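I've put the structures underneath this note.
First chain A sits with chain B, and in the next complex the same chain sits with chain C.
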Partner chain A sequence: MINIMAHLPVLVIALPLCGAVLCPLVSWHHAAAGKRMVMTCLFLSLVCAVTQLAGIIRTGEPVHYYLGGWHPPYGIEFVVDGVNGAVIVLVAAISWMTSLYSSPFERANPRKWFQSTGYYCLISFLAVGLLGMSTTGDAFNLYVFMEITAISGYGLIAIGEEKGPIAAFRYLMAGTIGASMYLLGVGFLYAATGTLNMADLAAHLESAHSGNLIVLAAACMIVGFGIKMALFPLHGWQPAAHSYAHPSADPMIAGIMIKVPAYGMLRFFYCVFRDAGPVMDLFFDVIGILGICGILYGSLKALRYSTYNKILAFSSIGQVGYIAVGFAIGNVYGLAGAVLHILSHAFMKTGLFYTSGALKYKYGVHVTDDFGQVYRKMPQTSLTLIICALSMIGLPPFAGFFSKWYLALGAIQNGQWYFVAVLIVSSLLSAIYFFRIIEKLFMNRATVAEGEPSHGGHEPLRKAAEEHENFGRVHIMARKKHHFDGHSELPWQMMVPLALAALAIIGLGLGNAWLVGEVLKPTLMEVFLA
Partner chain B sequence: MNDIIIRLEVLLADWGIYMLTFILFAIGIYGMIVCSNYMKKLMCMNIMQVAIIFFFLTFGQKEGATLPVTIASDYINAETYINPLPHALMLTAIVVSLGVTGVGLALLMKIRDIYGTIEEEEITGKGGNS
Partner chain C sequence: MMIFSLRPALAVAIPLLAALLILFFGSRVKPNTREAITLTAAVSMTAVIFSMVPAVLAGQEYTANLWKLADGLNLTLRTDAAGMVFACIASALWILTSVYSIGYVRGHHEKNQTGYFAAFAACLGSAAGIALAGNLLTFFVFYEMLTLATYPLVAHYRDDKAKASGRKYLGYTLISGQMFFAAIVWVYVKYGTMEFVPGGFIRAGSMEAGLMCLLFFLMIVGGAVKAGVMPLHGWLPSAMVAPTPVSALLHAVAVVKAGAFCVLRVVCYVFGPEAASWCGGAGILAWFAAATILLSSLVAMRQDNMKARLAFSTVGQLSYIVLGIAVLAPYSIAGAIFHIVAHAFLKITLFMSAGAIFVTTGLSEISTMGGLAKRMPATFTCFATVSLGIAGLPMMAGFVSKMNILQGAWMMGRSFFMAALVAAALLALTYLMPVVQIAFGKGNAGQVPAHKHGQGGHGGHGGHGHGYGHGKHGHGGKAGFDAAPAMLVPLMVTAVIAIILGCEPNAGVHLYDLAQMAAEAITKGGM
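Moving on, here comes the complex of A and B:
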């Protein structure tokens, strides 16, 4: 009898991997079987992740898993502690929710066998890559998982709207430069120390003499992770990729694909470079300045757009800036704020993109001017949108407030008042663009929400489609006859993720004291700031 | 003449080879930024990846060393083995780079289907920007 509990760290990753590989084979026999298998695998992975985190909280000890029984520094090691345990739960939860959310899109837009199974394969591989990136304790292994994430991401962006392939190609260029810079950094570190295990690297860097080489490696890492997490001057690929990705995969791409590299940066700089001489001082300066610029740039740029997805994409650049500022503050409150912001912003952005996908699915609208009176037809979607938006602005009962609160506490403790000023200014800016959306939702004259779309209410839609030529495929998707009963505003597969995202934001907000006090703070004190 | 060759060898072994690899890397990045043809961008991306592979293989070298093969679990002159790890890592990196290139080519075919061209200026002219 194998002890399953001992193998949880690898099961979390192996289950979606099995799902991804077996999905085409299974669906060859029965069309929907592959899809269900991917969902089941992702759900089991979520169960494993939650069990693992519960175990870590109970024992207070990080879990080390040696693949193939090879002990570090020779073998690959998986390390799970409180911080990345929480990130793993986040990734598994959003992956499962997104796989559930995707199935009505497929019914509305019946695709061939290959396309439908391919989609679920890619979702599952994306989950594998992200889970692997947050679990692994080996620098080169992280590169491999980073590329798994990236390649499945390119696919999911390319099958989206009409401009998808261009956005995916641009992301492929930028993403490959990012991964290559990371690999170069790993090469420098390996040349300097002769090891690839992160804990071992940290021990060797303490006594390393080649200071310049390590600074160079750190610079490569900042560029590499910076491109992957869309940090301010390296964000060029992000708005197009997040706007034009497949509407049902977009929540996952926008929500967690830029958060996990941010976690990777935290792990690398606070666990590996921590004692490596001048690196950390440079890191604080660089990342602080980039973070501030990113916050202001993203918020100001989001004001200029009226396309819903574009607003969300630019606001993501600003929110990544918050995480970077948290790293730059660098005390326990700053880091707790950064990790809490990784968690809460992932749920907020995923929730917002769920509403964006739902609006596209039902009415084919994607410009905020057309949102008028939608709340009458889609009350629950609108409720999720409002909860997410208020949380993004940072209003108290929701998660977004508390991550900003911890960031501000950390900045005040360090006497860095300029960070507090930037936090306040950018919260006001995001209040402007989110209240603008909410205002349009309630105040604008109804355009598309008039009449049921399935009963010939397509005239405004078609007009909108002529005005916006890139409307193309989504419009066709919205025009397909809906196969769900008319009682609920959306199929239940879409309602459940929408509700879960909203509940997660409220839950993270109300439970933040427990999460920070019991889970994040002990790990941060022991592992990251020891 | 012989003297020059020896000095050149010393220079290359010391830091010249890293300089050459860096130039290759810079050519790759430069081409990715400057070229307006997407196919050329993809080729420059490959040049950049090859430069990184060279870099790893170069610092894995050791003069007068031999293959790291054990015969009957007997480590003969283990200090003269070259480090096999960079080679193993680069084997993985080559596979990854192959995969990325494949995805890139597939995307280019799709872009050509939609826009009829893979020149950046023409696509931007047709509203493919941002």
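Moving on, here comes the complex of A and C:
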């Protein structure tokens, strides 16, 4: 009998892969079956990921898995330790939550079979790519998963709103350049060392002589990962992609698609390049400056918009800067803060995009000026919005505060007070744009929320949808009747992910000491900073 | 001696839980049931806190180490003497403000009452957390929670004016909060600890004097903003747009007191008198406080709006506390801690009176109140008595604390501060006594039907009165005796307590002894 526990690392990826491949076939048989299968596969994948992380925490040892029994440097190796174990759980959790969240959206879709099947296929492939990127210990394999991620991402952005295809095309151009740069970097490293396994690369780079080639490779990597994680100034594709993607896939795209490359950068630079002479000094300087610029640019730019998704997208550019700053600080607390921010920001941004999708779904609103009094009709959505927003600002006791706390701690330990100053300025700027949204939500005059669906008809909603005619074809469904069955604020499939995201933020905030002290810190000390 | 117990945690958890309950069930149950949650929580929280007083007086400390708040730092709640003083005041006054709030919001037909009571409870939970926090990080968490919980109350009316003052409030408090955040990270990295220690854990000379002064002020700004030390007081007068019980909460119970308490914790429990005077920070702070005491009295005299006048009075009175702390003498520290108590009872009476007048007659400008005492004799009697207490006349609570601060200043040889304290006491008379004079004097403000007052002199925040239909339920011609009992009783109770505390500062739960204990621990037995 096969010992399932020994195959967890590959099961986590294989399950959604099966789901993705089989989804169209099963859907042919029964329209809803494919969707349910994808959800089940993603849920099983989440269970496997949690079991795997629990095992790693219990034993304190990283898991090495050799695909097909081929050992490195020839075979592909999966390595899971405390840090990427946590990232894998994050990716699996958000993928499953998003697949659940999506199901009410596709009900109104006219081209039912094609779109819903294709959609779930893409979601599942996106999960495969992201899970693979966070699991693999092989540089070329990472490229493969990066492309799987990107291609499914293009699809999900293109089937979004009216400007979706253009946004997808822009992302396609930028993403291809990013992936190519990464591949180029891998090529240079292969030329210098003759190996593709990350651990093996690290061992070879210590004694490698071709210094310039390695610096060139590192520069390519920064650009490659930088584009993928939307690091300033390589973020050009991101605002449009995050604003116009399919509203039910947006939480996943905005939440984790830019976090996993950030994790990849951490892994590559701290595990592969760390002994490669001048590379790390270059990395610290470049990433620190880009991080600071990104934080300020993203936060300032977000102030200028009143479209909800645009604000969130630019805020992401700033928040990715936090992660970059953590990498640039480079001590235990700095890295712990960066990883914690990868986790917490993923939940915050996902949660915020859930609320954005919910508002579009129910009222078809996307401009924050129209949010007035919506909280009366959608109290729990508003509560999630507030929790996520406060966490984004970095106010205790939510998760965002504690990642900021560790980043600041690490920065002061290194004497880099300017990072703390930037973190503070960014917090205050984000306080401005998030409290502006909250203020509108609670204090503006009602525009869309005044019509009670049960007795007022849908006139105001229809009007709102017509006013924003260019708003995109997905919102046509906002006019359909069965979305407003008055007794609950949203279908339960949307309520559950919303609640889970909020709970995750509170849980990460209150449990951060355990996560950092028991999981992240030991791994970072042993693996990343050894 | 330390007693490990969950009781301090209970004191914090009860109001926070009540806030959640109110938020979730508030709009589904009857208002009476909702208010029952508030009152039950207030009474049980007070019971829990007061039950810990005897042991604390005997020199013991209840400590609750709940869980790890961040790597290497616990969420610690501890009942030291100073914290107990603040916690006792906040919890006891919560009962009275709750009763008063119920009378006020119903009498005034406020909107969004559920959110109002939930935020109120959350404020009190945060205030208890601030009082009992055992280390800086715990303190900061609750301090920011207080900021957030107060915001919906300040912006309660949700019109342009409320929005503006809400923004102003957030601007002041969040910016200073972030500076405080930077400072606590700095302290933690530099000294490796965050536990509050009476007498402080920062040693003089452990850092360059200039840098330490910078650190001192980064932390102090966090407290000084909430305590309204000039020039950081701007948010306080504009927060006057909020309903009157909120003003009472801001001014007497939780918010500004939390600021003053923050100054106390930073100066006496983080830096300690020695380091605070060595780096020069305490000296500068004392001058700012003294200037605030004088200037605020001058500004208060020129306010015609009742609540605005009281607001500037608060700005001045809070600086008494800050000055008492910054003088660093044992007596002045004890006096400052006791002034938290004294000012709480005095100022809450004044604000409740202002609110009672506004709800009963619709009047908010002092100049329109001629002869109003005939209509509301009990309210104005309390107002007059308490005004004397604010000025620091003997037999009133304000006298005990001010005398102590004065004595401390004298012992340190700070004659200018003594002069400022005395001058400010006289100035307080000049801005509060005219109100009494006008009300007891000629005029017929008491006879005119209530809703007609809506026309005149409501330029200020009072304007909200019209929008929310005060006149509809008007007391019109058939005016009863004074204000409604739900408002009148609490304000009479607080006035009586203020007198009792003036005659016997240790009446009840020995708050004066607690203040002296705290001051002795801080100055290592210097009293």
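Criterion: the second predicted complex is superposed on the first by the 506 of 530 C-alpha atoms of A that agree within 3 Å, B and C clash if a C-alpha of one lies under 4 Å from a C-alpha of the other, contacts with A are read in each partner's own complex, and residues count from 1 in each chain.
The definition used in the following text is that a residue touches a chain if its C-beta (ideal position, glycine included) is under 8 Å from a C-beta of that chain, and two chains touch if they have at least 3 such contacts.
What you see is a predicted model, and the numbers here were worked out from it, not measured in a lab.
Student: Please work out whether A:L172 is in contact with chain B alone, chain C alone, both, or neither, and reply first, second, both or neither.
Tutor: first
Student: Examine A:Y154 and indicate which partner it touches, taking first as chain B and second as chain C; both and neither are also allowed.
Tutor: First partner only, chain B.
Student: Would you check which partner chain A:Y297 touches, where first means chain B only, second means chain C only, and both and neither mean what they say?
Tutor: The answer is neither, since A:Y297 touches no partner chain.
Student: Of the partners chain B and chain C, which touch A:Y66 in the superposed model: first, second, both, neither?
Tutor: neither
Student: Looking at A:F284 after the superposition, I want to know if it touches chain B, chain C, both of them or none. Which is it: first, second, both, neither?
Tutor: So A:F284 meets neither chain B nor chain C here.
Student: Which residues of chain A touch chain C in their complex?
Tutor: So the residues of chain A in touch with chain C come to 333, 336, 390, 395-397, 401-402, 405-406, 408-409, 412-413, 420-421, 424, 427-428, 431, 435, 439, 442-443, 510, 512-514, 516-517, 521.
Student: With touch defined as at the start, can you tell me which chain A residues reach chain B in the complex?
Tutor: Residues in contact with chain B: 140, 143-144, 147, 150-151, 154-155, 158, 162-163, 165-166, 168-169, 172-173, 176-177, 180, 183-184, 187, 190-191, 196, 239-240, 469-470.
Student: Looking at the complex, which residues from chain B come into contact with chain A?
Tutor: Going by the criterion above, the answer is residues 29, 32, 38, 41, 45, 48-49, 52, 55-56, 59, 85-86, 89, 92-93, 96, 99-100, 103-104, 107-108, 110-111, 114, 123, 127-128, 130.
Student: For a test of understanding, state which residues of chain C touch chain A in their complex under the given definition.
Tutor: Against chain A, chain C makes touches at 67-73, 137, 140-141, 144-145, 148, 152, 155, 158-159, 162-163, 166-167, 170, 174-175, 178-179, 181-182, 185-186, 188-189.
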